[in-house]
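Quick one: the structure is below, and I'll ask about it shortly.
A, B, C and D are the chain letters, set down in written order, and residue numbers restart from 1 in every chain.
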Amino acid sequence: AAPYMLIAGPCQMESLDHARMLAEKIAAAAEAANRPWVFKASYDKANRSSLKGKRGLGMEKGLHVLSEIKREFGCPVLTDVHEPGHCAPAGEVCDILQIPAFLCRQTDLLLAAGETGRAINIKKGQFLAPWDMVHAADKVASTGNDRIMLCERGTSFGYNALVSDFRALPIMAQTGYPVVFDATHSVQQPGGQGGSTGGQREFVETLARAAVAVGTAALFIETHEDPDNAPSDGPNMLPIQDLPAVLKRLAQIDDLTKGL
Amino acid sequence: AAPYMLIAGPCQMESLDHARMLAEKIAAAAEAANRPWVFKASYDKANRSSLKGKRGLGMEKGLHVLSEIKREFGCPVLTDVHEPGHCAPAGEVCDILQIPAFLCRQTDLLLAAGETGRAINIKKGQFLAPWDMVHAADKVASTGNDRIMLCERGTSFGYNALVSDFRALPIMAQTGYPVVFDATHSVQQPGGQGGSTGGQREFVETLARAAVAVGTAALFIETHEDPDNAPSDGPNMLPIQDLPAVLKRLAQIDDLTKGL
Amino acid sequence: AAPYMLIAGPCQMESLDHARMLAEKIAAAAEAANRPWVFKASYDKANRSSLKGKRGLGMEKGLHVLSEIKREFGCPVLTDVHEPGHCAPAGEVCDILQIPAFLCRQTDLLLAAGETGRAINIKKGQFLAPWDMVHAADKVASTGNDRIMLCERGTSFGYNALVSDFRALPIMAQTGYPVVFDATHSVQQPGGQGGSTGGQREFVETLARAAVAVGTAALFIETHEDPDNAPSDGPNMLPIQDLPAVLKRLAQIDDLTKGL
Amino acid sequence: AAPYMLIAGPCQMESLDHARMLAEKIAAAAEAANRPWVFKASYDKANRSSLKGKRGLGMEKGLHVLSEIKREFGCPVLTDVHEPGHCAPAGEVCDILQIPAFLCRQTDLLLAAGETGRAINIKKGQFLAPWDMVHAADKVASTGNDRIMLCERGTSFGYNALVSDFRALPIMAQTGYPVVFDATHSVQQPGGQGGSTGGQREFVETLARAAVAVGTAALFIETHEDPDNAPSDGPNMLPIQDLPAVLKRLAQIDDLTKGL
């Protein structure tokens, strides 16, 4: 099996300069860990806990930023899509379109995403069993597009809490599609801060280690130079300064376990 | 407090004749139980478990059926909406627009629904705590529309299972908005039949009794003349033949508990 | 079906005078609501969250208090047992022996309890499905004692939380044994106060109403004249002052629903 | 940190010959993987799902078998205790006494175990949060015995299911006590086979890898030469033939991650 692919970037896109600054650091960290990488950013946070949360740059500006990053760094780029009508424009720029977890059963969105021919990363709904993700994949595959990834990002566990079930990785891998572990959203505490979502940044590496030891095709890690002041998902983003060391440790585990 | 309002109809709209046949029986049962009623039907099942599931009549035909039922029976009608762009046309016909549980955090959908000025029934996501529904309501209310209902329909409980927490009714009622109990989807077993969703029809009345005893402004019950052969949600729909007796028992509990 | 039987008393026995004071008030409230009642008290809290929690009077003094209450009030009495060796002495005094939820699979305890010939109230473990309680009952029944009650008291729901599943009542009733709803422990928040267990007293009546509407043979309610200063389970005990009104409301629902 | 200690043996002790046969194979596998090992066996399965399940050799014979294994192999031995009165005799033979998960809050059992001076392995209840295990440890420590281990073995996740939360390992390690991961009971499906407990043997290594990558002081693995015909926990025991290869892979991950 190939080394894990890193999918990294800020939760919410802030500006081209900000994206460029993070991409430089992610590129250096990924290169030092000898892992391929994809730049990830969201131009629209469409399901913030509360209306007061910032939503982002919007599609037009956002796709421009992503195309610039792609051009400058030569890296693939990923963004998430929330409506069928957004898939075609996002697919013109992005190498990977991501289906948000809440939307993983919305047939029209899955079909529209699939029809772009781009790779599609489907996040497993917090309400879904891993063995049921095959039905989401089938919807995309029905468009003739089998470039599908299935992503574990935590499952509802009582109120305001998620739990990561690592059996989900081999179970979803039985579909034959590569499996992604999202180490950022797996440590979310939904609604844990009243009008916004809390998180447990201190467990990002813990869960990522588990995922790599079990076997994962890709790791999804959101990162920021100042998570505590980031516009969204700050409590669960990894400080960019920590990324190089974390990636190297994870790469060592990955190299070992993929060879076992 | 007023008697509970019944929201009833088939899960999936099949035809005008079929809707009319059910509406007649629902009207008779609601009248006999002395409860107001709303006709409910979905013209598009946008998040079927699998692609093979039938999706329904589509928006144009569906809204025509609903407007006919409304005209013939003089009853309010409800349907669910899945994309912001569908809210305005659905709002021209429907008295109540319903936000599906998976979509209860999609800001654009909540805003577009709110802007129709129609009453909005927001289903609580299976992944959401009842105290977090206030943020969904706030999104709708930000449009100046405070005709909001909050609906309990079960919470994720391990894989392929839901549980109904009856504390959710008084907790959501603290918002000041009326609370609805959906006795049909609360007995769903998501993914419980492989490519489709299972259900426990035998507990519809059990859970509805609990809701009425605790106090609910409305009951949501899907019903069909032949649930085992219905195009969707058959395992958890109540046979229409049982509706009159169930409604009467529930009305007696409602009359008692609202007077306590 | 017969009216619900009330099982009530303090969580932890404090003294004969205290037990007598509560028993008088419980007797009056039960009589006013026209329900039979059982006095309940624990002489040993054997599984406190922390070692600092008070454990109680001990078996000898405790059984003396219970026998006095029984003699003075002519009521049946219930206590919980934690080791096989305690069943015989407790069974000499008590009409009902209760198996704590954590211990509902301890075969020796169930057998020793069954062998007393007394009625046995088995609490469903927080970790157990309602359909699995038949195996606990079978252990007791194997002693030739079929005077068994099965008691719902909440199920683990993430960390530090319980949820009450009202489907459990009809499911456990399929065994043919009477089902009890414990409205006190169902509102516990295990570990919710660090070294002790929290609770949501405000939902005792909410959940008890649901249980009575669904159908329950007995209600278990712990009560105290000053719950906030009680030695255990204060956060979820009902103030004794509230008991008469609560019981009357519940009796009205019970009378109605048992006649439906 | 030291290499993980292996705790292995059959779920249920069958005979001295059987124990010896397994101990030989475990010794060889542990030695080949360069890990210290402890022989584990239960002489009394005190909480079988159903009364029909076999309970084992009993204390007297069981302790004899354990003392023979200890003498012949020079290894430490572990057994589980279910009543306070069993701790002293079990403590005369065993190096480690284990508190079953269901009993992790039974104060008298924890105290009696602590008083033996032996190391105490406390399994985390399926109903308990990892941060609440400190209270169980404190009960043992109050006896002056701080040779305590805290063991993750899965948490209730809906009905008939467990989930392993790997955040629990670092959280419990904050107590300063070594943490054990029980890879056998973490793949149990409680009640999953009607009157007995099911399991997912295929995930033993998956979860053990995750535990070792996250960091664990010990691994608990039940094993048998013919799990499908073992008297208990067959569905989740690892075939002894697979143990050498599994241990070696886990040892390599352990060597790497303990050095990171």
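In this section, contacts are C-beta pairs under 8 Å (C-beta built on N, C-alpha and C of every residue); 3 or more make two chains touch, one makes a residue touch a chain.
Fair warning: this is a prediction, and the values are worked out from it, not measured in the lab.
Student: So which chains count as neighbours of both chain A and chain B?
Tutor: For chain A paired with chain B, the chains in contact with each are C, D, in label order.
Student: Going by C-alpha centroids, which chain is farthest from chain D? Tell me that one.
Tutor: That would be chain B.
Student: Using the stated contact rule, I'd like to know whether A-C or A-D comes out ahead in C-beta pair count.
Tutor: Answer to which pair has more contacts is A-D.
Student: Centroid from C-alpha atoms only, then distance chain A to chain C, rounded to Å. What do you get?
Tutor: Result: the chain centres lie 48 Å from each other.
Student: Measure off the straight-line distance from the CA centroid of chain A to the CA centroid of chain D, and report it in whole Å.
Tutor: 36
Student: Enumerate the residues of chain D that touch no fewer than two other chains.
Tutor: Each of 155, 157, 159, 163 in chain D touches at least two other chains.
Student: Would you mind writing out the residues of chain A in touch with chain B in their complex?
Tutor: 46-51, 55, 82-85, 102-103, 105-108, 125-132, 135, 138-139, 142, 155-156, 159-160, 190-191, 195
Student: Over in the complex, which chain D residues touch chain A? Could you list them?
Tutor: Touch list, chain D to chain A: 155, 157, 163-167, 169-170, 200, 203, 206-207, 209-214, 249, 252-253, 256-257, 260.
Student: Along chain A, where are the residues that touch chain C in the complex?
Tutor: 157-159, 161, 163
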